[in-house]
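Which chain is which? They are A, B, C, D, E, F, G, H, I, J, K and L, in the order written, and residues in each are numbered from 1.
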Amino acid sequence: MRIMVINGPNLNLLGRREPGLYGDKTLSWIEGELRDLGSELGMVVECLQSNHEGELVDIIQRAGRDSQGVILNAGAYTHTSVALRDAVLSCGVPVVEVHLTNPQAREEFRRVSLLADVCAGSIAGFGWHSYVLALLWFHHRQRG
Amino acid sequence: MRIMVINGPNLNLLGRREPGLYGDKTLSWIEGELRDLGSELGMVVECLQSNHEGELVDIIQRAGRDSQGVILNAGAYTHTSVALRDAVLSCGVPVVEVHLTNPQAREEFRRVSLLADVCAGSIAGFGWHSYVLALLWFHHRQRG
Amino acid sequence: MRIMVINGPNLNLLGRREPGLYGDKTLSWIEGELRDLGSELGMVVECLQSNHEGELVDIIQRAGRDSQGVILNAGAYTHTSVALRDAVLSCGVPVVEVHLTNPQAREEFRRVSLLADVCAGSIAGFGWHSYVLALLWFHHRQRG
Amino acid sequence: MRIMVINGPNLNLLGRREPGLYGDKTLSWIEGELRDLGSELGMVVECLQSNHEGELVDIIQRAGRDSQGVILNAGAYTHTSVALRDAVLSCGVPVVEVHLTNPQAREEFRRVSLLADVCAGSIAGFGWHSYVLALLWFHHRQRG
Amino acid sequence: MRIMVINGPNLNLLGRREPGLYGDKTLSWIEGELRDLGSELGMVVECLQSNHEGELVDIIQRAGRDSQGVILNAGAYTHTSVALRDAVLSCGVPVVEVHLTNPQAREEFRRVSLLADVCAGSIAGFGWHSYVLALLWFHHRQRG
Amino acid sequence: MRIMVINGPNLNLLGRREPGLYGDKTLSWIEGELRDLGSELGMVVECLQSNHEGELVDIIQRAGRDSQGVILNAGAYTHTSVALRDAVLSCGVPVVEVHLTNPQAREEFRRVSLLADVCAGSIAGFGWHSYVLALLWFHHRQRG
Amino acid sequence: MRIMVINGPNLNLLGRREPGLYGDKTLSWIEGELRDLGSELGMVVECLQSNHEGELVDIIQRAGRDSQGVILNAGAYTHTSVALRDAVLSCGVPVVEVHLTNPQAREEFRRVSLLADVCAGSIAGFGWHSYVLALLWFHHRQRG
Amino acid sequence: MRIMVINGPNLNLLGRREPGLYGDKTLSWIEGELRDLGSELGMVVECLQSNHEGELVDIIQRAGRDSQGVILNAGAYTHTSVALRDAVLSCGVPVVEVHLTNPQAREEFRRVSLLADVCAGSIAGFGWHSYVLALLWFHHRQRG
Amino acid sequence: MRIMVINGPNLNLLGRREPGLYGDKTLSWIEGELRDLGSELGMVVECLQSNHEGELVDIIQRAGRDSQGVILNAGAYTHTSVALRDAVLSCGVPVVEVHLTNPQAREEFRRVSLLADVCAGSIAGFGWHSYVLALLWFHHRQRG
Amino acid sequence: MRIMVINGPNLNLLGRREPGLYGDKTLSWIEGELRDLGSELGMVVECLQSNHEGELVDIIQRAGRDSQGVILNAGAYTHTSVALRDAVLSCGVPVVEVHLTNPQAREEFRRVSLLADVCAGSIAGFGWHSYVLALLWFHHRQRG
Amino acid sequence: MRIMVINGPNLNLLGRREPGLYGDKTLSWIEGELRDLGSELGMVVECLQSNHEGELVDIIQRAGRDSQGVILNAGAYTHTSVALRDAVLSCGVPVVEVHLTNPQAREEFRRVSLLADVCAGSIAGFGWHSYVLALLWFHHRQRG
Amino acid sequence: MRIMVINGPNLNLLGRREPGLYGDKTLSWIEGELRDLGSELGMVVECLQSNHEGELVDIIQRAGRDSQGVILNAGAYTHTSVALRDAVLSCGVPVVEVHLTNPQAREEFRRVSLLADVCAGSIAGFGWHSYVLALLWFHHRQRG
């Protein structure tokens, strides 16, 4: 089973960007952990990041062809991108929405998710553990 | 480590209530699974359900004294109860909000959660696996 | 045929509470009339009242097991209770929403009904005759 | 006692128009039933239909002179016509608002009734029985 | 003269719950102070607390029969309970709304009070002195 | 100079309809007064009333060809008719909007006028004197 | 194939009404062009106009019986008439909504169409060519 | 009979301020005309202007003691001043609201009048004739 | 201890202005009572009133220098004045907001207070006793 | 005459993406048809697609230099992109907005078009025929 | 060239009022700096402050006669004063809106500026440098 | 000191795009002026433009590493891009928001800035001088 972990804008700054809010782990450290956990569970985990909405649409379209599931932290585009929503709707594999922090506890404009209702499920607020839980779900689901 | 799993109104009907939406597992079957998984992981899992908002406030207050964490599916009260919100704020242990379905994909009035921003995190849309992921988080977190 | 007549908060004060608005009949007088009309029509009419949202949820759940229809005046909870709405959705028997006065002619917050769209039908504004009409409907419907 | 049953726009299509929603009875069949029930109860029932807002205003004004009560299904004009509302306010006899389906369970713009708060009462959701219940109310009320 | 002091959900946690916000006095300490001040002024002060909306409705209904005035801190239910509002409207004795903090200075959803416009008056923001001022008002009012 | 006085729905009931609100003068009495004042001032005053939106559109279109000015009390259609607005915009003669009462002091939905911003001016709240003032304006304006 | 071209309120004034906005072609000129193009394409084009909402409902109901398609410019009623919407929903033949100008580029209240989502399609902003394109669509569609 | 004509902020600039919108008459020219017309009709007309909200409140309070009627163009304060509204409510003589232009045809924030519903009537859009019509109303009203 | 009692627009009319609503006590009578109660309690009470927003800002700024506390009934400016709000924020002494009536029970625009969340507390609905309770609070607070 | 047909995000998936909604034609099939129809009509049709908002801005800027008209299906960016709107405003050639489905009949957020009011016209709901009609318009318009 | 620097309510407290937010410079210190910089640049800078809305209107009207430009920090009146807006519109010289802090980063009601769209430009968030930049603009603009 | 001047979508068209609104200077001319002024003041000014949201995020992230300040005209993305907002929040150097025109004086959707409250300050409405003033601020600030 191949899982794509896709991160959106500014998440490449993790570890340096408002660490009090987002934690002190860098994105590459988190991606390493997920790849390791993936191999333990017999899954291939591929990790991608982009600041470009259009590139993220391209990547999700490709994930529909090349993987069995997506873990998506769309960052700021969660709240504004109908294009990503349409890509999720069309890609044909289950997509799990994850967030490091709980968007409900932040600015008003972060409380709207254009993705939530087209994803298989949502996990928010557990820091980098949000990704871990999403991966565990793909594992559990696979087992039946 | 002692975890309380608290279910709100109408969740006692699980398995019979709109099974196409909520699945065909009964609440007692789910509670059994969680207690079993809990013992595997070395945790004591106590399960409670009530249709009464006031009783749920009482239970959460008690959970603050008697447990190290709460898994809360407040059902319909998620969207209307400031009293539960205040109880969560006051109880002093981490509370994880779970939902079987994704409230974002349902009626307008279910898109507002009065609890989300005072909980440690939220997990929604994975059916009874939502509870499992919450329990796994308490386990991972405990390990460091 | 067994019909449950369920009254919500403060309706136990009928006859004393703002009689200019709600009329001078007490709840027990109305319940007596409905039981009498029921026996005339060959129906058993059971009457219950509670000020507690959770108890009303319990009662509606029970009505789904013990009766063939519900006449529900949820009073103030009509406008605020998602929990009652979910109970009506789950109970499996037709529920008729009744009101003594017409909520549309009152305060803004009484113009929203969380129950109307999940009930079989609504009858409002005819004083205690609202209950009578609801009972007559169950009778007519039964006849075909 | 003379009762006028007034139907608004597109109700002349009943039986052919979305029968899954509105039922398979034609308007003339329903009008026949109401006239028959009326004579049983010693009432004269006159039935009128128009697609024209202005004509409906004329008819309601006349009903204030020629009848003792009105059963009004204003159809689409329920949600948009201040003119009908003013006619109801001015006509001087009790008007009962009826609907075949429950407008609360349909499109957003059907949830507003400009008539509800100036009518004696409202009955919605019982198919053609909604008219029957309205007629029974005039009968009961007459008896005291 | 008998005055009932009624406290709503989570106020039983006073002294422990967010002391920076609500102060360090426990509810029983405040109730003691009020009973003492009451006897000084020749009034009997009875104190009750509940986390249950329905129970608070029951208590206010009873206060209408057994007391000459109510001091009500409905806590979270202030903002959501139409049922409590109806109970206040029906109970027949003057009710004074009190709050420890000023709800206007807090979250958006705490700025709406369903009780304010049916109470005799409102006192907010003075900590436990809010109750004292309410009691003094009953005393002054009694004197003329 | 020829002025058309056009009255909309339910204004044919003036004198009988809520006299406490609209006064006890009938429409034909007012029309007589306006015709008399018109001849005094050397103007021909033609008066028309209809309950039909479409007919009022027809009349305003004709007024654009046959008169030098319009005094329009569109009644309920003031608040709902884009068609009348378009007719006023197209008719090519000045239209003065009049109201017997002040719509700003009535129901919410009467506070919106779709006509006000396309009329030459508005006069409201002076009872039947509102028509008189409008006629005087056409007279003054003619004089320069 | 028989197509009805139905025009709503004030469109009889085309050519004279705000020509800078709506163009200088009269309605009868446009209707002539459409009839000519229709015969070229082997279609019978029937043209009707009314300022009356009710008459337009009657016409659309008749179009459902007598034609294979409708081209509808409902003018001002586009934005206010639920009755026309219901007639379109019930008439059983495809209806194409056309506008001379683009309602999105005009006043706020013209941005809402009660018809758009029940029509087969919408064409707006091309002046009288909007009607031509609609006719061409019926032609293309017929060919397959 | 003594009438006070009260003008609010920036109306002292009339004639120079946006003459295309407000006309080329200065305020003192208009005041002269009104005093002349007043003496013709046997009325004393006193004219005052201020840019200060508080001073306008003082003036209206005094008008309640020293005059039999007020003609008020509150300018910008029409849309923002609850204090002027309260002064009008308290002054005890009829107040007529006038505007040179039609506020409904201008910016959004000018469409709200805090004065309209507490004034005897409103006249808007006739340039300086708006004041004349108001004066004529006091004259007509006085005559019976 | 020196307390300033500051009254805003139209409160100089107390006793004459809508006495059914505001009571029949004049402002100077109330000020006398407060000065007397003040001396009893060992406090100097200074009373000021103005209809001018700017003057009230000046007075509150001065109160910050010359007194130990303010009792403020800002009247209509409560709902519209950001300037008074800023003055309260800056003055450096505790300000208690008082109202004779309960603004929550009145017009929509009186339900917003721009002052409430920057004042030490609010007291509303007790007629002139609202001022008395505010004064008592300064006394109690002083005692500790 | 050279026409550019520009398609936005996810339209490269046509034929595979929700075919029940969008039809079973692929984008390249539609582009072929348009190029063929273009040559028949003596027009050069150039087709481009991108998932990237910025790239679409670049393309529209270029279309302003290299073509005489644009047919634009901006897909999801229709509802969110002010940048595309500005590009359309600046490009200097007529742009026709097309949609396969009718956005008015879909989710709330698809009902807002940031492009509609700056385009020459809009065509929606006719599947791939929407493009054909747009092309025919450029042809007709060219002929005069 | 003569420039007027006009400061609104509570800005006379600068240096003492919330220095963490507004800085520790007093208004007279800032005015000194601006006068000095003015003379360096060959401009006369006149500085005025008032807490009174009406006085500020008077001052802006005078500035239109006596100066070539205005630098306006209207403080709290920025968000509430239509009267100041009208004065700016009428004064005939360019007005630059300045703020010490960025109102967009503060309370909701500070995000609306009634002045921004009638000023030549806006400068916000640079502390007392905001005034300096405005002065530099007048200088640059003068040079061409 | 190194300052980056970053321009967003469609600003590459300056000089050709709606010159009546944006002026006739091209972007490269403005960039030249800024580089010249920069060297005069001893600053290195680097200028970049992109139509791509993602590229702008990349550039701002780089500016956080390579410069001491940013002058940002995000054009259309000002109103829609949470991603740019997050980039500004994370970049660690002061960002000044500039606009050629005043967005407050334009379309509704341009009145919302997602950047304003996270920037050091805002300058709008001065044409290309807005950039100059921003540069002068960096200079003044540097001097102390």
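Convention: a contact is a pair of C-beta atoms (placed from the backbone, for glycine too) under 8 Å apart; a residue touches a chain by one contact, two chains touch by 3 or more.
What you see is a predicted model, and the numbers here were worked out from it, not measured in a lab.
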| item | value |
| --- | --- |
| Other chains in touch with both chain C and chain K | none |
| Count of contact steps on the shortest path from chain H to chain J | 3 |
| Same-interface partner of K-L, chosen from the options E-I, B-C or H-I, over half of the pairs matching | E-I |
| Length of the line joining the C-alpha centres of chain B and chain D, rounded to whole Å | 48 |
| Approximate Å spacing (C-alpha centroids) for the pair chain E, chain F | 55 |
| Between chain J and chain G, distance of the C-alpha-averaged centres to the nearest whole Å | 23 |
| Separation of mean Cα positions, chain F and chain D [Å, integer] | 31 |
| Of all residues in chain L, the ones touching two or more other chains | 52-55, 80 |
| Pairs of chains, among all present, that meet the touch criterion | A-B, A-J, A-L, B-C, B-E, C-D, C-E, D-F, D-G, E-I, F-G, F-H, G-J, H-I, H-K, I-K, J-L, K-L |
| Chain A-facing residues of chain J, complex | 8-10, 12-13, 16-18, 50-55, 75-77, 79-80, 109-110 |
| For the chain B and chain E complex, residues of the former touching the latter | 52-55, 57-58, 61, 80-83, 85-87, 89-90, 114 |
| In the complex, chain K residues that touch chain L | 102, 104-105, 113, 116-126, 129-130, 132-133, 136-137, 140-141 |
